[in-house]
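Across the two complexes that follow, subunit A remains constant while its partner is subunit B and subsequently subunit C.
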Partner chain A sequence: MLQNRTTDLNEEIVEILSRITRIDLKGITYATLILEELGIDSLMAIEILARVEKQFDIIIEESILAEVNTVGDFVQTIEKKINMEN
Partner chain B sequence: MKITDSVFKSLDTWGDHPAYIELFPDNSTSYTSAEKLMERINDTREFLKKSGIQNNYIVAFFLRNSVDFVSIFLSLMDIGAKPIPVNLAFRKLELDEIFSNSQPHAVIAEQEFLPLLVPYLKNKIVIVRENGKFKIHQSVKKKGAPANIDEHIASINYTYRGYGYPLGAMVPHAQYIMGVKAFENYVQLNMTERLLVILPMQHIFTLIGCVFLPLLYQITPVISYQRNPLRLFEHIQKYKIDNILAVPELYDLFLKLHDKTNDLTCIKAFLSGGSVLPKKNYAKLMDTFDVDLIHGYGLTEFTPVSSNIRGQVRPGTIGLVCDGLEHKISSPNKNGEGEILIKTPNMTKSYYKKRVETEAAFDGDWFKTGDIGKIEDNLLIFIKEKKNTGKLKGNMVDIEEVKKAILSYPNIKDVTVSLKDNILSAGIKIETDRNIENEYIKIKKYLEGLLAVYKIPKSMSQL
Partner chain C sequence: MSKKKHICLISPKRTIWAKTDQIRKVLEERTKLLKPWYSPSLSILTIIGLTPSDIEITYIDEDFEEIDFNIQYDIVGISAMTQQVTRGYEIAKEFRKRGSYVVIGGIHASVLPDEALEWVDTVIIGEAENLWPKFLADFRNNRERKIYQQPQGTFVDLSKSPIPGYDLLKNKNYFKDPKYFYNLIPIQVSRGCPHNCEFCLVTKCYGSKFRKKTIEQVTLEIKKIKECFPGKTIMFADDNLLIDRKYAKELLTALKELQIRWVAQSDISIGEHEDLLKLAYESGGLFLLIGFESINPENLKMINKNSWKYRQLANYSSNIEKIQKNGIIVFGSFIFGLDNDDNNVFNDVVEFMNKNNITGQLTISTPLPGSKLLERLKKEERLIEQEPFWDKCTFFDVLYKPQKMTVDELEKGFIWAYKQLFNENSFSERAKYLKAMYKNIQ
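Let's look at the complex of A and B:
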């Protein structure tokens, strides 16, 4: 169940990242660098956070994207957040 | 006359409504009355003087949006010092130029910026802000000689004109005074209304619209430390915000994220500037939020150059040119398009210690904006930038500066940089045996230490 949840979470977050950065899903992996490869600027960052908040009904601090390097780091951080709020 | 004289007069006759409301990320709120703000300014002024800051001292400051930012800025002006409000995103290349050009006597910074500023702090008075309090971090044994700057200059605000380095616009008090009056004539905010402050206070648009206009017209700025539209919607409802000042791209985000659960009926106006607002977005924004959308155009050297007037908005235009500001289109083509020139005694007349660049910016008394526009039915229409700069979601990018930064990376032989549709791209010719995609990542990481992060090209390809 946890594995499936993690897989769903991963897919949903990557889909949000793909939609906002306009980078193909195939081009985004756990190792993809948030700034250097996805080119996420500050406005894109807050859109991503807002969409993730809406999708998973959680609150995320804006500083989070400055604290993560990769997509994998970001997914793990969101997962921790969801587990805490549950 | 100093702008601070007008501000203090206004604070003296303020009503019961707050002079400032600050909304912190931990959900706490701080209300500052006009009386408390004046006390704070007085205390700050005395503290700065005791630390050694005096008339005609140049003071670079790195502070986040806050009542402290306002207090420091006004106190420095009142002492007769020349504040430089520095963009917090700036890194080595930008800071090297600002510090070598301005040679500030003092630096005031958030504690967290100190490591970044260490290379520039020798022989300077250094004041840090930590946990909301200012303290002297470093004194000087021997006081430096004050700069030789005329008393009518209020501040030095750095901007770009495509040279590859920032220029310190010498902003006179008269520019702030005229600019604020003109802005109020366009936007017509009412006393005691609340204005949401999101954009960085270092920018001239925010200084005019969110710092000086509220202080002179007794409007309460509500400073949000968060920019997530979902938080802003909550703030708007909870604190009954009447007006917002933002760039078009942020309003675009509002459109994308707004839904029926947000009650934003209290908002009366969106004040917009800093980048292009496409005609098609006007109607969408006004209809969705049922607000007046007042979009205009300005420069560090004078803001607002033009704006739509509340209640008389013409989508697709940047409105009527400011009353008292002469203007013309230089060498118009067959479509009437040409460089916008402006003239008023109450604007920036020079860049600090940059005689050549100053001379190049003027044609007699006419200031060359570096922007191409035209006039239709008396309204100004922005076409594009002529100078080698561009706006990227409200942030100014100097193409030459980005090129220079990239060329400083080892083995890069040539580079082209372009800005189109809000995407900054670079074509690079590099001698390397390594995987080129990995090399691009290395280049971007290298640039993170050199430039504001928004100036790092999103896409890189081989030339």
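Let's look at the complex of A and C:
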């Protein structure tokens, strides 16, 4: 189970990851490695970013995924981005 | 009771990118945007699946693990593509010196069995499903033969092919290296191709008829992959996964239930089948690798006898658009150095890829042993290396004189094209397009 999941927003982001990777929510924690464990490469990453952008009405630079290692990093980065744009 | 037999199955080290320093350097500099694909050898996994459980098996992928030549195996089995085979022969020599029995398989050894027999004890020619069990039975009875081969013109019934031995890789350390690791898990559901292209050996080795596994078999194999490697993207190693439209529909429908992401090879005519493309996306399809090979009509006319590739050219762009519109990324494959390529080819292909928002791979025309291309080039005295040049068959090295440019121009143009297509700006442009594509899908 995802640890320290505090907000609906975080859950929504993880749900997108789960939907795109086809990995059950139960198998995703903040510590899950984006590349090695979720198998997200640069092409799959584009689909994830598109879904996140659409859902939260934000624009995310593609380089973002090169800078994050874990699901926790990704959720935090998106959260910051949403807060900045609001 | 006799001692349990021990087999070591080895995939020899391969060259990532090119042997030529200047080409390799440019490609390596782009590893952030251009990751090599790493996947286990499906040939070896199939051999594992065919090996009885009373035999102990060790699997070594030399890209990740060093071979300990001091271990005494009863049998060493090597599977090698052409570019790996020189290393494969070195490995064979070392193990034979120490008394192990060495057997080799794979397309290279299948087309050049006499060469292989200078290095190994036995060659398995062609598909292993019927031959490997025969070899093992003969080995146990000390009556092994030098060559095992399917009767001429016959091919394996894939519905009898075993589940590849994915289990054996579960505990390997090949998935954890932060730099390189197996990023794709292979599965093959069909063999055979009707197109018989000049540079390719698939029709020669697997026949022109499309043979396939049953949907039940494929489902079981995918369930096994999911159990062994949860979360890994599955790579269909088929040469053209969707060529039999009826089978493709059944397969994709079954995949929908399995919750996977997958990639595969197909041809551009799939763009005319939007029902299949919709199913492909819904079933987890990420990208289709499509062999465009060239956008020069004269090149395409030469590639295969019936000019099938040439007849698709007029629809390249419209079919790409239809594939993308349905949520599947087009991963195009292009060959440089074909006989009608001149200095304009590099710019033409870069423009085509940018205009159609596709990513992909660029390769250099490679005369593989056993191909019609190699025979023609020998007659035309255009090879720039004496055979055997097998370690240079990387698809990123120039091995023969192009017709309408120099070797230097081909190498420089190839590097230029990679620089144009794989940089932060071009990646960002493609990503914008693909994001818009995904946003339009419900």
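Of note:
Keep this in mind: the second predicted complex is superposed on the first by the 80 of 86 C-alpha atoms of A that agree within 3 Å, B and C clash if a C-alpha of one lies under 4 Å from a C-alpha of the other, contacts with A are read in each partner's own complex, and residues count from 1 in each chain.
Please note the rule applied: contacts are C-beta pairs under 8 Å (C-beta built on N, C-alpha and C of every residue); 3 or more make two chains touch, one makes a residue touch a chain.
Note that the structure is a prediction, hence the values are computed from the model and not measured.
When the shared chain is aligned, no partner comes close enough to touch A:Ile82: not subunit B, not subunit C. Of the two partner chains placed around the shared chain by superposition, subunit B and subunit C are both touched by A:Asp41. Residue by residue along subunit A, subunit B and subunit C are tallied for touches, and C comes out ahead. Of the two partner chains, subunit B and subunit C are each touched by A:Glu62.
Legend: residue contacts after superposition of the two complexes on their common chain; A:Gly27 is shown touching subunit C, with no touch to subunit B. Taken together, the two structures place residues 36-37, 39, 41-43, 46-47, 49-51, 53-54, 62 of subunit A in contact with subunit B in one case and with subunit C in the other. On the subunit A side of its complex with subunit B, the touching residues are 33, 35-37, 39, 41-43, 46-47, 49-51, 53-54, 61-62. Those residues of subunit A whose C-beta lies close enough to touch subunit C in the complex are 20-23, 27, 36-39, 41-44, 46-47, 49-51, 53-54, 62-63, 66.
The touching residues of subunit C, when paired with subunit A in their complex, are 32-33, 35, 175-176, 178, 181, 183, 230-233, 259-261, 284, 286-287, 329, 359, 424, 427-428, 431, 434-439.
Those residues of subunit B that touch subunit A in the complex are listed here as 25, 226-230, 249-250, 253, 256-257, 392-393, 440-441, 444-445, 448, 453-454, 456, 458-459.
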